[in-house]
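Okay, so subunit A shows up in both of these, paired with subunit B first and subunit C after.
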Partner chain A sequence: MEQAALYLATMLTLAGIYAALALGLNLQWGLTGLMNFGGLGFVAMGAYTAALLTAPASASHLGGFGWPWWAAWPLAAFAGVALALPIGAIALRLRADYLAVATIGIAEIVRLAVRNEDWLTGGPLGVPGIPRPFEALGLPWGQVAYLALVAAVVAGLFALAQATARSPFGRALRAVRDDEEAAKAVGKNPARLRLQAFLLGAAFMGLGGAMLSAFFKFMGPEALDPVTTTFLVWVMLIAGGSGNNTGAVLGAVAVWAVWAATDWLAAQLPGELATRAAYVRLFLIGLALQVILLARPQGLIGERIGQR
Partner chain B sequence: MSGGAPGAAPPALAVRGLTKRFGGFVALDGVSLDVPEGSITGLIGPNGAGKTTLFATVAGFLPPDGGTVSLRGQDVTAAPPWRLHQAGLARTIQIPRLFARMTVLENLMVAAPDQPGERLPLPWIARARIARDEAALGERALAVLARLNLADHAEAPATALSGGQKKLVELGRALMSGASLILLDEPAAGVNRTLLREIAATIARLNREDGITFLVIEHDLDLVAELCDPVHVMAEGRVIASGTMAAVRGDPQVAEAYLGMAIEPVE
Partner chain C sequence: MESLANFYLIPGLVLGAIYAMSATGLSLIYGVMGFAHFAHGELLAFGAYAALVAVRGLGISPWAAIPLAIAATTPLAWAADRAFYARLRRSLPAVLLISSFATALMIRAVLYLGFGPTPLSYGTGIVPPLVWAGFRMQQRHASIILGATAAALSLHLLLSRSRAGRAMRAMADDPDLARITGVNVDAVIRLTWAVAAALAATAGVFLGIDTELQPVMGFNVLLASFAAAILGGIGRPWGSALGGLILGLAEELSSYPLLDGTPLLSPAYKTGVAFAVLVVMLIVRPQGLFRGMG
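Here is the complex of A and B:
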């Protein structure tokens, strides 16, 4: 029983972290139409920033400053913004697809830097010993308390995303998304609005990375891969309902439940089949995305027109 | 509204020697024209004459390769569209491009300039103030919709409107900007006769009652004759004639530019 509760708390915590990432992507893609395929880069910036600031001192990587989480996490969000600023300033002035290419490239650069800059990130050894808030409470209560913290952060991000989407600022973002020329004709500055939405979304992703590194208690190059950090979030947003914050959260929880369930199922298979199943799972996620886009492009709950 | 001693006030819009090239193609070849304050000025000419390019260049959508644009005596050459929008110049687009995933009302509200709620972090920290602003803005947008006979469609998605109604919303967005100079690109194209009369009457009323100056591209020459004075005629990137519609109709150069298009002398 206790084991089941612990498992549930673990799964819900990860679902919550994914919800933060999906909310960030919704600000960028759902509201503003920015194709960010480099989620991993922004998550990694936040994850490593929080890891280096909160971990105990170590010779194998920079710092280990032993900061408390509440001081480190805002800086992790800021690290996401710091990565987004130069990309956005350059790529957002160009056509939409250039941003997609630029973000894929930057995510790869971040991934390689993390793996190879040993002095900074510990290289392949990563950053161990990251403290998780409330772990002193022991199991299962420490896990439950961390879930509560993640839930509170996600609730805060959700409120912020809603306030953004429903404001005149959000309306201007939707104008830029729907028709850039017309947005200019009604006096909007698309480059500025896009940059703001891009930075805001990157802050959400950086914060998500911070929560992820504390959850794992470890951050290394293997902990983040493009499939689970970038593309799974896209699937979540599109399945849940792009343009709708509630849809983003719902999609994160629903897709994570399916993803985790297939993980468990695959593990029950004997020997070599289990290894193969991991790849079948990737194929299935891609297939699911195709089916959703064809059968229900608006997702579980799509964007509502009016009634804001 | 029109009139005033010659040289007293600068024209609403003065274009001088405006040039725009696309590669080797010269779309605007030193265009000079005035839009007098308080007028409804017409801009006619055959397809490909450069009329829409002129609009795009004047309104800051395309950088010019030469020449100047001044708005009431202020040089605004190559200013970005949002700056011109703030300065009171609005432009409608030939084929109406409404924001598809917004209601008709939202399409108008978004067009208001200088909205504090568009500046972060105000949407997060000044919610009450923004709610007040939004309520007032909604009222104003509804009033504009009422003037355009579209009040019943306020909550409809923009995609549900007919082509002619979309043209009216496009005009409504220009009105929401509070612009004192509106560039209208073919307000009557593809619109049925009834709605055409309505659009013409609306433009005339806005000019008369609100003192809005218009520069209108239009192919329906009868409509131009009825609404516009003066009229500029463009062909091959140049202004080839200017004056009243009656005067330019009699101009042999204009007749030649239209090449076969029947331009009867005005009755």
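Here is the complex of A and C:
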């Protein structure tokens, strides 16, 4: 019984972290039409910033500074923004597909840096011993309390994303997405609006990274994988309904449930088959994305404009 | 001087030739169909593995397997187009891009399932290098450079001399005008996929001969290919080919010990060079180096 509750809390915590990432991507792609294929880069910035700030001092990486989580997490969100600012300022003036290429590039550079700059990140050894908020409560209550914290953060992000989508700023973002010339004609500055949306989304991803590193209690180059950190989030958003914040959260929870269930099923298979099952899942993410794009491009719940 | 040529210039040219072939295909697809094809790296990897199957099954050399790799990769590109891209032709380019991304994941998954994640090789053994007055060149490097030149020449003849090639260029210039003047759009799209897939498969076999085969080998080339295509002005095949050569050289030369024996850039960051070039280009000259080169 306790085991099951613990497992459920773990799964829900990860679903919540994915919801934060999907909300960030929804601000960028759903609302503004910005293709960010480098989610991993922004998540890694947040994850490592939070990890180095909160971990105990160590000789194998920079810091750690032993900060409390509530001081470190806002800086993690800011680290996502700091990475997004230069890349956004350069690529957002140009064609939409250039941003897709540029974000893949920046994610790749971040991955290389994380792996090679041992003095900063501990290289392949990573940053161990990251404290998780409320772990002093022991099991299972510490786990449940952390889930509550993640849920509270996600609720806050959701409220922020909803407020953004409904504000005049959000309407201007949609206008830029749907008809840039018309938006310009009524005096909007598309480049600036795009940059603002890009930065806001990157902050969500940075914060998601912080929650992830505290949850794992470890951050290393292998902990972040493009398949699960970038592509799965795209599937979640498109399945849930891009442009709709509720859809983003719903998609995150639903796709994560399927993902975790197939992970559990795969783990029941004997050795060799289990590794193969991981590849079957990779195939299925791709296929799921194709089917949704063809059969239900608006996702589970599509964008609803003008609804209160 | 010799070491510069032997260890940096020649490998740079080889890598550049592989990037050039991949980037040219990307550029053609962008020109004719108007979207960034993110599964291009996987076409390349698929070609490389198709050749591996032929090498192991028939006991032929990887060079002889290139036509078979092309024959396997072209139908794959057609199938992806028929199953996914053709149905999305009227959607936004962004939707096609996401769809090609999904295609990439599917092809990569198939390669993982068939061959596993461990690097494989064609097992060509060690061949003595060609030596000429202090300059040494691996025979495989010479063959790759010759092969890429032959591919470029054939593409040039196709695009400039044949009716089909002219139709392709017409589509790239103005799809609507091409359509109303009687160009068979579907045939042009099929031809574009065939050419791009053939170039990608050949580049994949070359890359497999030069290094090793891995399911992610194509994805590693993708970023550099896009950077090369943008460098040359996306949609312009010759610009992209030149962009590829420049990037390949830049990547290898970046670790040249110009000053006091330490590399200019740590080799661990080699793959970052393409990205740096891309960023500089996007700032300085987003239309590409060779505007108006056709």
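Please note the rule applied: the second predicted complex is superposed on the first by the 307 of 308 C-alpha atoms of A that agree within 3 Å, B and C clash if a C-alpha of one lies under 4 Å from a C-alpha of the other, contacts with A are read in each partner's own complex, and residues count from 1 in each chain.
Just so it is clear, a residue touches a chain if its C-beta (ideal position, glycine included) is under 8 Å from a C-beta of that chain, and two chains touch if they have at least 3 such contacts.
Remember, it's a predicted structure, so these values are computed and weren't measured experimentally.
After superposition on subunit A, the partners subunit B and subunit C are seen to fit next to each other with no clash. In the superposed model, A:305 lies in contact with subunit B only, and not with subunit C.
In the superposed three-chain model, the partner touching more residues of subunit A is C, compared with the other of subunit B and subunit C. By the touch criterion defined above, A:35 lies against subunit C but remains apart from subunit B after alignment on the C-alpha atoms of chain A.
After overlaying the two complexes on the shared chain, residue contacts for A:169 are found with subunit B alone; subunit C is out of touch.
Look at A:196: by the touch rule set out above, it reaches subunit B but stays clear of subunit C. Superposition on the common chain places the nearest Cα atoms of subunit B and subunit C 9 Å from each other. On subunit A, the patch touched by subunit B and the patch touched by subunit C do not overlap at any residue. Taken together, the subunit A residues at the contact with subunit C in this complex read 33, 35, 37, 87, 90-91, 93-94, 96-98, 100-102, 104-106, 108-109, 112, 115-116, 227, 231, 234, 238, 276, 279-280, 282-283, 285-287, 289-290, 293-294, 297. Of all residues in subunit B, only 59, 61, 80-82, 85-86, 90-93, 97-103, 105-106, 109-111, 113, 115-120, 122-124, 127, 130, 133-134, 155, 157, 173, 176-177 touch subunit A in the complex they form. The residues of subunit A lying in touch with subunit B in their complex are 160, 163-164, 167-172, 174-175, 178-179, 181-189, 196, 200, 243, 303, 305-306.
Across the complex, subunit A is touched by residues 35-36, 38, 83-84, 87-88, 91, 93-95, 97-99, 101-106, 108-110, 112-113, 222-223, 226-227, 230, 266, 268-269, 271-272, 274-275, 278-279, 282-283, 286 of subunit C.
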